[in-house]
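Two complexes are shown next, each including subunit A; its partner changes from subunit B in the first to subunit C in the second.
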Partner chain A sequence: MKRFLLKGILKDKGRSLLPVIVVSLGAMLTVFLYSWVKGVMGDSIEMSSNFDTGDVKVVTKAYSLQEGQYPNDLALLDVEQLLKKLKAEFPDMDWAPRIRFGALADFPDSLGETRAQGPVAGWAVDLLSKDSGEPERFNLPAAIVRGRMPEKRGEVLLAENLATRFDAGAGDTFTLFGTTMEGGFTFVNYTVSGTIRFGTTGLDRGAILMDLQDARAAFGMEDAAGEILGFLPVFHYDDRMAQEVVSRFDTLLESENSLLDQDPEYSPVMLTLGRQAGMAEMLVYAEAISGMLIFLFVLAMSIVLWNAGLLGGLRRYTEFGVRIALGEDKGHIYRSLLWEALMIGSIGSVVGTFVGVALVYIFHNIGFNFSALLQNASILMPGIVRPAITPAIYYIGFIPGVVSMLLGNALAGRGIYKRQTSRLFNELEV
Partner chain B sequence: MKTSVLLFTLISFTGIFSLQAQESNEAATILEKVDKNLSAQNRIFESSMTIHGRRTSRTITSKSRTRGEKEALTEYLSPASEAGTKMLKLENQLWIYTPSADRTIQISGHMLRQSVMGSDLSYEDMMDDRKLTEVYSAEVIARDTLRGERVVLLQLTARSSDVAYPVQKMWIDAEKFVPLRQEMYARSGQLLKRVDLFDVRRIQNRWFPMRMVYRDMLKTGGGTEFTVTSIAFDTLIPEHIFSKASLR
Partner chain C sequence: MTDNEIVTLRDLYKRFSAGKGLLTALRDINLTFGKGEFSGIVGPSGSGKTTLLNIIGSLDTPTEGTATVLGKQTGDLSQKEAAALRNHGIGFIFQTYNLLPVYSIYENVEFALLLQKTPARERKERVMESLQWVGLADRAQSRPATLSGGECQRVAIARSIVKRPALILADEPSANLDSVNTHHILKTMKQLNRELGTTFLFSTHDEKVMQHLDRIIYLKDGSVEKDELC
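Now for the complex of A and B:
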């Protein structure tokens, strides 16, 4: 029977083409929009990870309690040894030591007197090593508005808004006035190699980016770092994977006493992105919003495809009547209707999922550029959004495609049992 | 009967008012005596400041020259990383010069509230050298003993808004008229800083505390110990010292 039904579907295009197209479109839209919603939410979290939290972050216990104030007096020491251990234990991950700092940028006039000054929030990251992934994480080449990337020590990038406010540009020098790790004064002259714009007010208001070694020299932090960020070898943050890394790190600390400080307050701790300030709420929010959007969309598509199945079934009432009149068992007709629905739903879902997944891959590589719309945004949002590639995109389209089609036809097929031969003859005007 | 009650009430009120006036006069007199001990026309002193951070402690030595309330020059002598750094106060302006960057930087606005070298003192604390009687009105709120000394507890309320601490409590040695403890409050009543003053010595006909321990109550850390190693009052300081040219 199944082979006969399949042949019917494939050869009688008048009966199967439209339902297959409808199911394919539904499945394709479901796949793409699921991937889109996951992508937008995932990209926002990824941006926070790249700029601020990492997928995991190693800091001292004391630092973690005052993280928002960048307390570099509580920074990690013996960072090279710690990095070596981290790289050996987690070779798939990327580890990036960073220093965050607040300081005063002072721009001199021609006589060397203060012409303009203002507070800056700085990132010190590895900008100069050839194999560093940090410029890419900050999307630096694309974020440069004027000038170029730093090429040697003593060169820094300045937020374009800040540079405009101070009437500064590439090639200008300024003095950074801050506090060393021990609390002393630090005054260091830097040259602006270029200006950057990330597209979010929070970052563009007063950001400064310098090489890690420059910051270490300026703030008296040789072989020290405020934080070491760890990045998982996956495109979007995976909380379960991050938690596994943390528990392995805790085990490593138990076996390697050399990594612990004499004062437990200054021993390293590893935090997942989800355990850092504000991020747990963001993860829950992102999950809830994406879950709700996906549920609503799948529900809407299911209703559309259910309706298509229902209409398809109803359209064939005359055919069912004739088949009953010819002596075919009602149960057999109902079962064949369901098998047909299952086959059409499966064919449509396979085609729709294939096209949807192909579109996801294409737009994942290209990305949608929304930078212009985000110029005044005050939260961390990515300028380029990409649909996410997750295992779910390979099966999510089958939920509305197969299940709804089957349900619609099952509902419509109930009429088969109420069909009367006499009424059929009346309908056929025999 | 009525007349005697009225007379008694009048006498009582007059007594209370005169007692209040007396206490207010006493507070003002005490504050004047404190000013006499602490303020000077000119002052040259060397000091060491030990900052007890959460992780380490470090000591910075410096030499300061002040003229009146509005001019001061401090040169840091050690450690080597700070040696040669100078801070100049002229009126309400503050400049810092550092030989490492060979730049003179003006500190202004909210930056003045920042900590000096990670200590419990802000630039504002270091700059404000005005006489207490010029800035605050005082009242006696208690009499007590502190570290075995008889003290008068004064509450100081700022007369103008251009002060770092609108309210202060000051435990003043009742014999030497030197504060032994100060507590500085925000307008909201939050305790911002506490200073304990020790080792009160007789120097050039005045009493002066040679060691002070500052605690910024909003910071974690062991406080900042400020010790005056030598001090001379009312000595001649050349005019050129209090100019920007002396920074370099």
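Now for the complex of A and C:
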């Protein structure tokens, strides 16, 4: 009997090919949209991680309490030793010491008199080491507008907006006035090697990027760093993984007294991205928004496929009427209808998921470039967005694909099952 | 009920709810159909012909009275038991043929036997035999869409006869046929009636069908107006 029904499905394109195509499209769109939303949200968080928070960040306890002010007088000391321990304990992760600072930039005219002056917000990161991941993390090669990357000590990058305001360009020198770690006054001359634009007003307004060793020299921070950022070996931030790293770090601190300072306030602490200023809310927001979008899309797709299943079932009322007349039990017809829906839904979902996952992989590698649209954005948003590859993309398409087809056909079948047979016959015009 | 009786209807009423009231579709029906009868229920639209056929075919149950079909009271049967009764004892022929369009003629006829779980070899023999009776053995692999109306109705007859039911119910079988085809299918059915002893019960208001019937029951407003042998 099943062979007979299967033959019917295969012969009737309206019952086989068409529903399989519809289910495949639905499953494919679900997989891709899920991946897309996860990608957009994940990329935004990833950008915050790269620029500001890391996936985890090591600072002193005192620094963590005033993190927003980047208080370098509370910076980490003996950073090389700490970095060695971190690299040994977490070999899969990338660790990047950084110094954030505020200072005054003074641009002189040809006579050495002040031509332009203004506050700048600085990042000191490892720009010159060959194996440094920082230029890539800041996407610097692509962000350069004029000039080139710093190639030696004393060269810095200026935000393009800042450079325009100061009428400065590659090759110009300026003096940076600031405060040392000990609270003293410092001023150092630098050369602008190039200008950069990240595409976000927050960064482009007054950013200056210099090598970590230059900042250490300028601010009296030898073997010190305001913060050490840690990056997990995953494409998008994973809060659970980050929390595991923190917990292992806490255990490390307990066993390695040498890492602790005599004053507990200056001992290192590790914070996950989720525990840094505002990011917890951002994570919840991203989860909520992506969850809601995905739920709505899966629901909409489910309704479409449910409807397809329902219409497919209704279209066959005459056939069911004949089968009832020939003596087939209504329960058997109902079960065969569900069996067909399961077959069609499964085949469609497998095909749709396969195509959807393939598209996700392709566009994950290529990425969608929206940089031109984000030129004046004031929040940290990635210019290139990629769909995310997560375990869920392998099964999310089956929710609308199989479940909705089953539900739609079940509902259509209930119509037959509940009605009195003779009334059904009249309705079917059998 | 004697051994010869296929259908016995006693004090049968059928009422449907219509708005706030009740519509009596059949009233006080007392009829008996014997083995090998070739009878017809005749009457205008709304006289209750189809309702009566539905009750005899165990597709519906009487509101009052009893309908005994092949020794079983249809009102007492569960849905599964009624399906089994139809499966083994009753064949249906419809005015619109109702063949399954995606299957071949052979498969349409075979379907009735699949429901009975008949072994493959026996199935094949019986399907081909039925198609030979109706003169369509050479079209076994054709699709219904390639057949004329008369040929489709002959396939429907083959489908109903293939399981050798004791009773065949034919609801307006000639409604979509011209007089030549009507004559042919009636001739085929009459022949099957004679050779296999199958009871045929028609619902019709077609004069051409009535000419072939051995017994005609006239229904009017749900009651038997006349029951005469031809």
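Basically, the second predicted complex is superposed on the first by the 403 of 430 C-alpha atoms of A that agree within 3 Å, B and C clash if a C-alpha of one lies under 4 Å from a C-alpha of the other, contacts with A are read in each partner's own complex, and residues count from 1 in each chain.
Convention: a contact is a pair of C-beta atoms (placed from the backbone, for glycine too) under 8 Å apart; a residue touches a chain by one contact, two chains touch by 3 or more.
Owing to the predicted nature of the structure, the values given are computational and were not obtained by experimental measurement.
Asks: May I ask you to decide whether A:A325 touches subunit B, subunit C, both, or neither, giving the answer as first, second, both or neither?
Replies: Second partner only.
Asks: Looking at A:Y285, would you say it contacts subunit B, subunit C, both, or neither? Reply first, second, both or neither.
Replies: So A:Y285 meets neither subunit B nor subunit C here.
Asks: After the superposition on A, what does A:K7 contact: first (subunit B), second (subunit C), both or neither?
Replies: Touch status of A:K7: second partner only.
Asks: A:F368 contacts which: subunit B (first), subunit C (second), both, neither?
Replies: A:F368 sits against neither subunit B nor subunit C.
Asks: In the complex, go through subunit B and note every residue touching subunit A.
Replies: Residues in contact with subunit A: 51, 53-56, 58, 60, 79, 81-82, 85, 96, 98, 100-106, 108, 111, 115, 117-119.
Asks: Which of the residues in subunit A come into contact with subunit B in the complex?
Replies: Where subunit A meets subunit B, its residues are 62, 73-74, 104, 106, 108, 112-114, 117, 119, 175, 177, 179-180, 182-185, 187-189, 220, 263, 265-266.
Asks: Using the touch rule from the top, collect the residues of subunit A that touch subunit C in their complex.
Replies: Those residues of subunit A that touch subunit C are 1, 4, 7-8, 11-12, 15, 318-319, 321-331, 420-422, 425-426, 429-430.
Asks: With touch defined as at the start, can you tell me which subunit C residues reach subunit A in the complex?
Replies: Result: residues 50-51, 54-55, 57, 59-60, 79-80, 82-88, 90, 92, 94, 96, 98, 100, 102-103, 107, 110-112, 114-116, 159 of subunit C touch subunit A.
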